[in-house]
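Look for subunit A in each of the two complexes below; its partner is subunit B in the first and subunit C in the second.
What follows is the complex of A and B.
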């Protein structure tokens, strides 16, 4: 379908979605209808099957052997709140980086009022974390390390394996925020030292908004964020212990999960490696185009191997929100300006409080989109 | 559309949905795409509009004057967890009825481990609460009363106005679980003494699964269940104070909320009064048919004025799950057997632990469905 605009805001939410995702959502609503795990009739059983298949698909995509450890949530914010609040107790210490999203820093701020101690490890101006700085920040009571896999401001991919090793050697739980990597960067949870991994369903995973996931490695015990009906399980007031039910109280988002499952199937077919290759070509094209424009500053690593497909920039002397507005109004190019719900990251790269303009090419962008975008930014920069 | 079955499980999730709901979900996914409140571009603004309109529609439906007090959640379980955990602190006392769903009793069980004291007020064998018993249960430290508007096991409508008055006179917060009434029984929050009201979006409200609402009256201050990005608000680690953002961290379920908004528009057009009248005719037909069958016991009030459209029953000597299975397999009638995530309610009416068979006619059922259902149950009862 031809659209009258160029969508470069895939880091906020991917658009468009594969047709199979839309069809799966409609099918779940129109034909399946039942509530999964709630009744024994055919529609409820069909809904159960949809959830089961979606879970299996996501697990194949992320290299998760035991699919009962993959929890469906309403989004990455819920996944991160569940992981963080489910494990930390008064007196615990947590180490995070200075590139974390507010879905990490805000729950931690709330816990800091209940005697949880937070250390933010500063990253360099490119947004990159030095694993040694994590080691230095660890204390006797460090219970958790939280690290974004790739920053939503700079796109910088963090050394999660190195940090995971540091955590594992010390028996500290390691939580990774994979919002900007799941679906667009290969992740194999069988082989990397990550204890919990949270992601949105609606970004690189190409599913609908209102979906998210949390992987919980065996041996990690969390308190639930929400208790309630699970359909199955004991008939008393205690939340069941068995996963995934323990963390999936209430009627599930069957249409959303149906869409997410179809999206995962689509990605399995395309392969994440091919998606990454495609996006990296677009990203390199964009980066090369932008750094050649006078007055443009780009943020984050200049090594595409250490980046996901998002690029934040500013034009000297222009307010980023004005640049973003002009891109939309005059050039039909959709970007996101501001602080991207990650003020610490902007402080780290030196763009606080005005922020930057973020461009995030996705699966459905083509090189022509990038050409037009570079030309538009060139014109805005020239007209200053 | 002609379906090869009769769906009588609307109390679990309503089916089918109005065509306008399916269209709104598809439109949100296919055309709107943006993330509400996240970016300034046209798609994000269109997503914002969808959320705004859905909020306004629900508020008109429920008589809510200030729409910023209506929070969208992932479902009633989240709404109830947010309301309950957001207000209660160690040392507080809470009064509930013996007809509550596990989305009330399980969060409270979890809080009881943190020194919150819970009193369950026993209802009569029909599932009806005597308001005086609530008065008797109130103590000096009673902070909250939680009551289901209508039981999901018996359909009995509780005296919420009377209990609300008792609560208000004593300055106790009153939370109503309206999962079985919102959309099918008139609710005007401007005129009834209810402080918080939680409901699913996918039952009587006819929206998609994965949606729910919580109304919070001005003056009620809750701690959020989830903190994180809100798009708007201060650029620091504190969750914003302003509603609804305070309780809507993370990317919203735009397609789900779009569907819920369309469903609310549909109900506003149909009017809840007309929906109630229609469902009550089906319910009376079902009740009269079932009580005439030898060996059938029905539960709950026999006064249709005190009921929503759901009826639980058992056939003497037959296991309810077998009855439900036979209804599906032999008669293409979809019901729900078991404990319906409300073991206390089954204890109250005397059907614990085997449970009962629940039939819940909805908006799209017709009298012919009920005739066939009565005939099927008659046959199963006769063949014993």
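What follows is the complex of A and C.
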């Protein structure tokens, strides 16, 4: 479908979505209609099936053996809040990197007022973490390590397996924020030492906004963030122990989850490897184009093998928000400027407080979009 | 026709029922058995049975042994078996 703009903000939310996702949302609202986990009539049972199948599809995509351990949330922000607040208690210590999103740093900031101690491990200028620095930051009371799989500012992929091993050897719980990798970079939770994994459903997973997931490995016990009706269960006041119900109180976002399930089916069919290959070709084209422009600085790892398809840059002497505005206004190119909800990451790469312009090609972009974008940035840089 | 008769009998809320802890497990059991061509049907749970899941699954007596061993093989725990 021809669109009057070029969408390069897939790191915020992917657009467009696969046709199957739109159909699944429509079907859930138009035909299914019932409330999952509630009544016993056919429409409620059909809603149960939608939720079940979505859960199974995502588990297949991420290599999760026990699908009851995958929780649906309203987004990665809720997933990260649940994981962080569900495990930490007063007196605990937590280690995070300097590339974390506000959905990690803000819950931790509020916990730090309740005697939870936080250590932020600094990454290098390209946003890369040295696993040894994590080891050095660990204390006797370290309960949790949180690491973004790939930063939403630099797109640099972090050494999660190495950090996971460090955590596991010491019995520390390891939480990974996979917002920028789920769906676009292969993840097999059966084989990597990750205890909890949070992701948005609406970015690389190609589902609707208002969806997210949290995987909780067996043996990890969390207290729920919210308590309430899980539907048809016993009529006592105690929140159930069994997963997923324990963490899914309240009427679920059935249309959103239906869409997310369809998106996961789409990705299983396309394969994440093929998605990555496609996106990284666009990324490399963009990178090569931008580094050749005088006055342009790009951020993040220079090794495409250590990157997801997202590139932040600045043009010397120009305010990134102005560049982003001109791209939209004059060239119909949609980017994101500013601090990207990750001020620490910008401090790490040296772009605080002005931020940077971020371009994130996705599954539905084509090489022509990148050519036009490079030409536009060239124009803006030349006219300085 | 015994097969037809037995499928017909799935419609009544009498016979052998399996109970699972959560809706998720009930769905998983249903899809596992259906994939193995074992006919089942879900019913609302009678009040007296305590479980997080509000549904129970009817299985034909002739399929019960196969169904139970298949569920065991898949690690799907049956919380209770009941006769109504």
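We take it that the second predicted complex is superposed on the first by the 381 of 384 C-alpha atoms of A that agree within 3 Å, B and C clash if a C-alpha of one lies under 4 Å from a C-alpha of the other, contacts with A are read in each partner's own complex, and residues count from 1 in each chain.
Throughout what follows, a contact is a pair of C-beta atoms (placed from the backbone, for glycine too) under 8 Å apart; a residue touches a chain by one contact, two chains touch by 3 or more.
Only a predicted model underlies this, so the values are computations on that prediction, with no experimental measurement involved.
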Given the touch rule stated above, what does A:40 touch, subunit B (first), subunit C (second), both, or neither?
both
More subunit A residues touched by subunit B or by subunit C?
B
Looking at the overlay, what does A:339 touch: subunit B (first), subunit C (second), both, or neither?
first
Name the contact category of A:264: first (subunit B only), second (subunit C only), both, or neither.
neither
Which of the two partners, first being subunit B and second being subunit C, lies in contact with A:356: first, second, both, or neither?
neither
Contact-wise, after the overlay, does A:52 reach subunit B, subunit C, both or neither (first, second, both, neither)?
second
First (subunit B), second (subunit C), both or neither touched by A:25:
first
Answer with first, second, both or neither: which of subunit B and subunit C does A:231 touch in the superposed model?
both
Going through subunit A, the residues touched by subunit B and also by subunit C turn out to be 38-40, 230-231
Interface with subunit C, subunit A side, in the complex: residues 36-40, 45, 48-49, 51-52, 55-56, 66-68, 230-234, 240, 242-245
Which residues of subunit B touch subunit A once you look at their complex with the stated criterion?
5, 7, 9, 12-13, 15-17, 21-22, 25-26, 29-30, 33-35, 38-44, 74-78, 80-81, 101-103, 105-110, 200, 202, 208-212, 223-231, 235-239, 249-256, 259, 321, 324-325, 328, 334-339, 341, 343, 352-353
Under the definition above, what is the set of subunit C residues touching subunit A in their complex?
21-28, 31, 42-45, 50-55, 75
